[in-house]
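Shared between the two complexes below is chain A, which pairs with chain B and chain C, respectively.
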Partner chain A sequence: MKILLLTILAISSLLSSDIGQLKAQILSTIAHALIDKDSLNVCLDDKDLESSKKYAKSLKFVSCNKADIVFTSKVKDINMKCKTGLVFATSYYLYRHSPMVVGAFFWQKGRPNIIFRKKQLEKLGIKLPREFSKYVE
Partner chain B sequence: MGVLVFYTVFTRCIFIFFFLLQVAYGQNIDSLLDRLARKDDLSVHTKKETAGYLTIFTRQDLDRMKIKSLSELIEKIPFVRYNEDSLGLSDPYYQPYQKNNPARIRVYIDDRELLSPLFGSGFQLFAQVDMAYIDHIEVYMGLPSYEISLEPAVVVIKAYTKTGKRENTSVVGVSGGTYGTEDVYGYSSKDLQDYSYFVYADYRNLKREKLYNRGSKLSRDKMSNNFYAQIIKPNSKFYFQAIKGSMDNFIGSSWDMTPRNLSTDFTNLFSGYSYNSTDKSLQASINYSYLASDYFDSSYSPLGLNPIPFPPYYAPYFSNSVKTKEHLLDAKIAKKIKAGDFSLLFGLRNRYKQFDVKSKKDSFIFKNDTYNHEDVASVFTEMDYLFNQKNRFILSLSAERYFEDGRVKSDNIYGIRVGHIYHAGDFTQKSFLFYGKFRPTPYMLLGNDSLPIPQDNLDSEEAYAISTKSIWKNKNMTTSLLFSNISDKNSIYYDLSSFKNSNSRFVFNSISFRNIYMLNDIDKIDFNAWVVFEDYGANSSDRYINKYGGYIALFKKIGKIDTYNSLSYRDGYRDLSAGWNYSTTLTYPYSKNLSFYLKGENLFKDALKTNYYRVNLITHQTTYLNDISVFDRRVWLGLEYQF
Partner chain C sequence: MFRFLFSKNLFFAFIAVVFAVMIAGLYFQFHRVIDKTNLEINKIELNRAKALSEKITTHIKTYKTEDFSQIFKNANLRKKLSNFLSLYITKEFKYIYIIYKDEKNEYRYLLDGSSGKDRGEFGQRFFPLLGKTWKQSFQSKHFVYGIQEKADGLWVTFLQPIEFEGLTKLVLVLDISTKEYDNLKRFLMPLYSFLRFFISVLSIIILLIIIQMYMFYKERKRSTIDTLTRLYNRNYLKEISGSINLSKIAIIMLDIDHFKSVNDNYGHDVGDIVLSSIAKKIVNETRLEDRVIRYGGEEFLILLRWRRNRKEVMRIAERIRKNISKENLRVDNDLSLQITISIGVNTDPDECESLEKAIKRADKMLYLAKNSGRNRVEYSSSYSDAC
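Presenting the complex of A and B:
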């Protein structure tokens, strides 16, 4: 099943050309790299990424308190309602100001970038695939 | 069991097939980020495809070129040849003794026009200064939409600044180049949830190749300090910019090209606020500009003639000091209404321009007391109708009232633009008809108004244009072919005593072909070739002129090194030799935070050259300075560190 999932991801990534599709692909790749589950419940709370929802077929979008992973740019999501899953920031500001955030997907120096927080990964016992190692800091 | 084995083998084969495809295609998280950087470039959100014929230099393009100034990009714009005037200022349409015509190229930074109240276009203010605060550049060819530029122009350059939201970092860059050129810049930016900021500063000491004539040094050096700051909130933006510097003015006005002391100090301040509603239906902005310059020219030969009350009624002067102060208040509001497939944009704009000129030619003092302001009130509208999924029709109208001061006559200017866009699958066809007028600049009007017998009858230039562009686009390749016919009437020229309108009609027929082939997510080959057939009318001694140009550019990553190579060509210009400009940039990322680059410009030393001449009205001798490179052969070595 895992192989099938990766295959679908590979096919969709090859075909993806739209911005929403690409963002969905990146979110999927991050989520599956962090959580070893075939079906993931994801909470997405960022209007800039809203367009990716319809393309992320391997993710199930749910409310914050039911999510395996939360993609958000808002501090309030972390403080108030999203305490069950992993939190992955979609803004650099949130990443810098919330130590519990495991990583971030944001724009830096005019291009999209991802970062994973080593301390948080170790604390949660997450081992990332090798291709992500250069994004860990 | 058999089904399960088949399923497992099948899925694994499929996975291996697509894994290999991914490898071939460079598909991984890096590749996805590369692709998103290209597809979601800031230009995707700022460009206006219906506004005209668009060429975009994306953030990635500019980064990989390590672009140092806008002048480098001019050779990538069809039908335009980069050139510099006798003051060493950028003027692609420079002709000896003629003044810069601002109607040809206009420059915007974000959505504010860089406008000199006295001289018109701000192209000369921007062309040779630093650009590290610019994210990307959009070039609109062929009299674009009034939503883009209300004052008509053949080429409109829109430079968009970097934003805090997309930078989120602090950067310092240092570079040095041939002739002792130095450039240091730094910026800091952050996205702070409710707002983002971007603060930038640059110091540049641009040293140019020195020329000598009869012992006089002809220098085009420029030194500038540039500070830019902006705060962006979801619906609004505030910015402030200050540029202070000095420059050597090359030949100046010296009749024998023998300047003694020749330079300009300048201070330019810009500030403004803009509002954009969430649904982008309401836009409003107010901008203020202050430009001050102090020009001093002294020469071993005369600079001009002063009137005197006794025979021979004129006397040559050898020094000229000109101080200018210009103020511009530019306010604009535009509302867009959408109803189904129809949208209507309606806007008002007002530009109040004030200019004070004080000159001292030896002991002869001039002050522009009779003409020192111009007020331009504009109304414009654009109707956009999506007839069906394939056909879109556009109609734009503008009316402007130029309220002039003193004896200068006020005038009304009207413009109309009709467009049709056909889009089906991979094919797009854009066609536009345009009629408009180019108003003379206050500098031209002031020149004629200040004559002993004022001549306040200078008319606006008139232009008619018809053009069409075919675009074929598929996954890896974009090919386009542009045809245009522009007819120009009442063209303005300087006859050494005053500005006049030409009686001839000028006709320009142009063809441009461009092909961009993406080698992968980030690498590409960009090719352009163009020709212009020009007809200057029966009264011209050189009636027909054919001009050619183009470029080929390769952006390619080789291992860790990012390479950019470009060869540009221009030919067919009257009395000017053909120019080949080979430029290259190599960027080596030493670490995630530190990168080094080597950049070479005009490496064959065979790029564009120009000719200058001056006539001494007393000795009747003509001094020539021919084949002067407008692009220096220059090598830059630089580094950039990201904190």
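Presenting the complex of A and C:
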């Protein structure tokens, strides 16, 4: 899965009429790019992404304290509640104002946006596949 | 009755095909109308976008001193201009924003008239979906646009380059929503759906007619074929009797000699084998255009199509007789029978008033052959054998 280009994914998947399905695919691709595990525990703390839960078959949705990665729209208190340091923001505002988040995936102007924060990736010792480099800032 | 039904079916088939062609024409024409309307709306939208972009560009260009750097440096000015852009946001022009390219050739927001989650911050990366169109916009001095097939709720993205000293520094973006397109769809789609439904129903009707015709032909064929010999039967003869041109045929009537004794001595199963073997031999001696009919129990009728001369007809009849009688017919490993046939030929059926009478004349010749010792051929003569 990691070798899939996010771009190809985003474009080809966008052909799908169901946005929920597309969001699920992007979530899954991001999670697998960041963590090298077959079965991933994901905490989804964003109402806008709820619809994608039923489509993301490769992800197991759990509470924050059991998650390998957290997708959230509100980072507040996340360090205290969650075991993982791997937090992905679901808004650009959150990404800008929370240096601890490793990246952001959000919908803006009808288009999917994905950003990875270089500094945080280095700090956590995460090496992304080369295909994702264009999304690293 | 058969002919009536046949012609009636063909008539319905013809009507169905004409109807199908007309509906298909209507369907494609309707598609053309949709495409054309789409194109027209597209043009109208683009003209509106062009007019609006000119208005906005003119205003933005008043800040182009020092390569628009004022806008880059002054946050208040950016806020003021973003508010200016937001004034033009409507249901139709969903997003209006200005994009620049940084030193790494990545697209970033300069100004954005959107609000809430859709608002791109100054310097934020922008990920376009129509990559080629975007590239083109920074190389071109004229507007370009792309149809958005992938972005949610967007129809067209209109890109107006904003130049400074002959170079495109910024691009004004107008994202046109699918509102007008949805209106068009809402207006035309019920009609389109109905047309599709109508075509589906019609297709089913045509399919049913085809199936019915197939069943009819199958049944019709079954009723005209003798199940034992696979030859035509008298139903077939009755069916074609009206269309036969007596001047173009010769009639050969055959009868297996002493067939009753075959049935009596060896049973009906052997009799059936003899009948089907003789039928095969007769078919082998005739051409495809000739018709071999099982006329009665052990009686066969051959309609030799396309009239040949009398001698040729005589030769064919004689050849059939000889081929059947020349060797014993092998029923099984233990039994072979010497079978002969008697033949009556009407070489000139057109001398008779009807096919029925022409057959009777051949039958009369057959009777003569039987009475003259069997295993022989008798021919009608115009002078002595009246129809």
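In this section, the second predicted complex is superposed on the first by the 112 of 137 C-alpha atoms of A that agree within 3 Å, B and C clash if a C-alpha of one lies under 4 Å from a C-alpha of the other, contacts with A are read in each partner's own complex, and residues count from 1 in each chain.
Heads up, the rule we're going with is that a contact is a pair of C-beta atoms (placed from the backbone, for glycine too) under 8 Å apart; a residue touches a chain by one contact, two chains touch by 3 or more.
Because the structure is predicted, anything quoted here is derived from the model rather than measured.
Novice: So, A:Ile26: does it touch chain B (first), chain C (second), both, or neither?
Specialist: In the superposition, A:Ile26 contacts chain B only.
Novice: Which partner does A:Glu131 contact after superposing on A: first (chain B), second (chain C), both, neither?
Specialist: first
Novice: Let me test your reading of the model: by the given contact rule, A:Trp107 touches which partner, first (chain B), second (chain C), both or neither?
Specialist: After superposition on chain A, A:Trp107 lies in contact with both partners, chain B and chain C.
Novice: So, does A:Thr72 touch the first partner chain B, the second partner chain C, both, or neither?
Specialist: Neither partner.
Novice: After superposing on the shared chain, does chain C or chain B touch more chain A residues?
Specialist: B
Novice: Which partner does A:Ser91 reach: the first (chain B), the second (chain C), both, or neither?
Specialist: Both chain B and chain C are touched by A:Ser91.
Novice: Should A:Asn41 be classified as contacting the first partner (chain B), the second (chain C), both, or neither?
Specialist: Neither chain B nor chain C is touched by A:Asn41.
Novice: Please work out whether A:Ser58 is in contact with chain B alone, chain C alone, both, or neither, and reply first, second, both or neither.
Specialist: Neither chain B nor chain C is touched by A:Ser58.
Novice: Between chain B and chain C, whom does A:Ile115 touch in the aligned arrangement: first, second, both, or neither?
Specialist: In the superposed model, A:Ile115 contacts chain C only, not chain B.
Novice: Take the contacts of chain A with chain B and those with chain C, and give the residues found in both.
Specialist: In the superposed arrangement, which is not itself an observed complex, chain A uses residues 11, 14, 19, 91-93, 106-114 for both chain B and chain C.
Novice: Once bound in the complex, which stretches of chain B touch chain A?
Specialist: Listed in rising order, the residues are 11-12, 14-15, 18-19, 21-22, 25, 27-30, 32-33, 35-37, 39-40, 42, 44, 59-60, 63, 135, 162, 165-169, 171, 190-193, 475, 592, 642.
Novice: Would you tell me which residues of chain A are touching chain B in their complex?
Specialist: Chain A reaches chain B through residues 3-4, 6-7, 10-11, 13-14, 17-19, 22-23, 25-26, 29, 73-75, 91-94, 106-114, 131-132, 134-135.
Novice: Once bound in the complex, which stretches of chain C touch chain A?
Specialist: 94-95, 97, 114, 117-118, 120-121, 124-125, 127-129, 148-154, 175
Novice: Could you pull out which chain A residues touch chain C in their complex?
Specialist: It comes out as residues 11, 14-15, 19, 91-93, 96, 106-115, 137.
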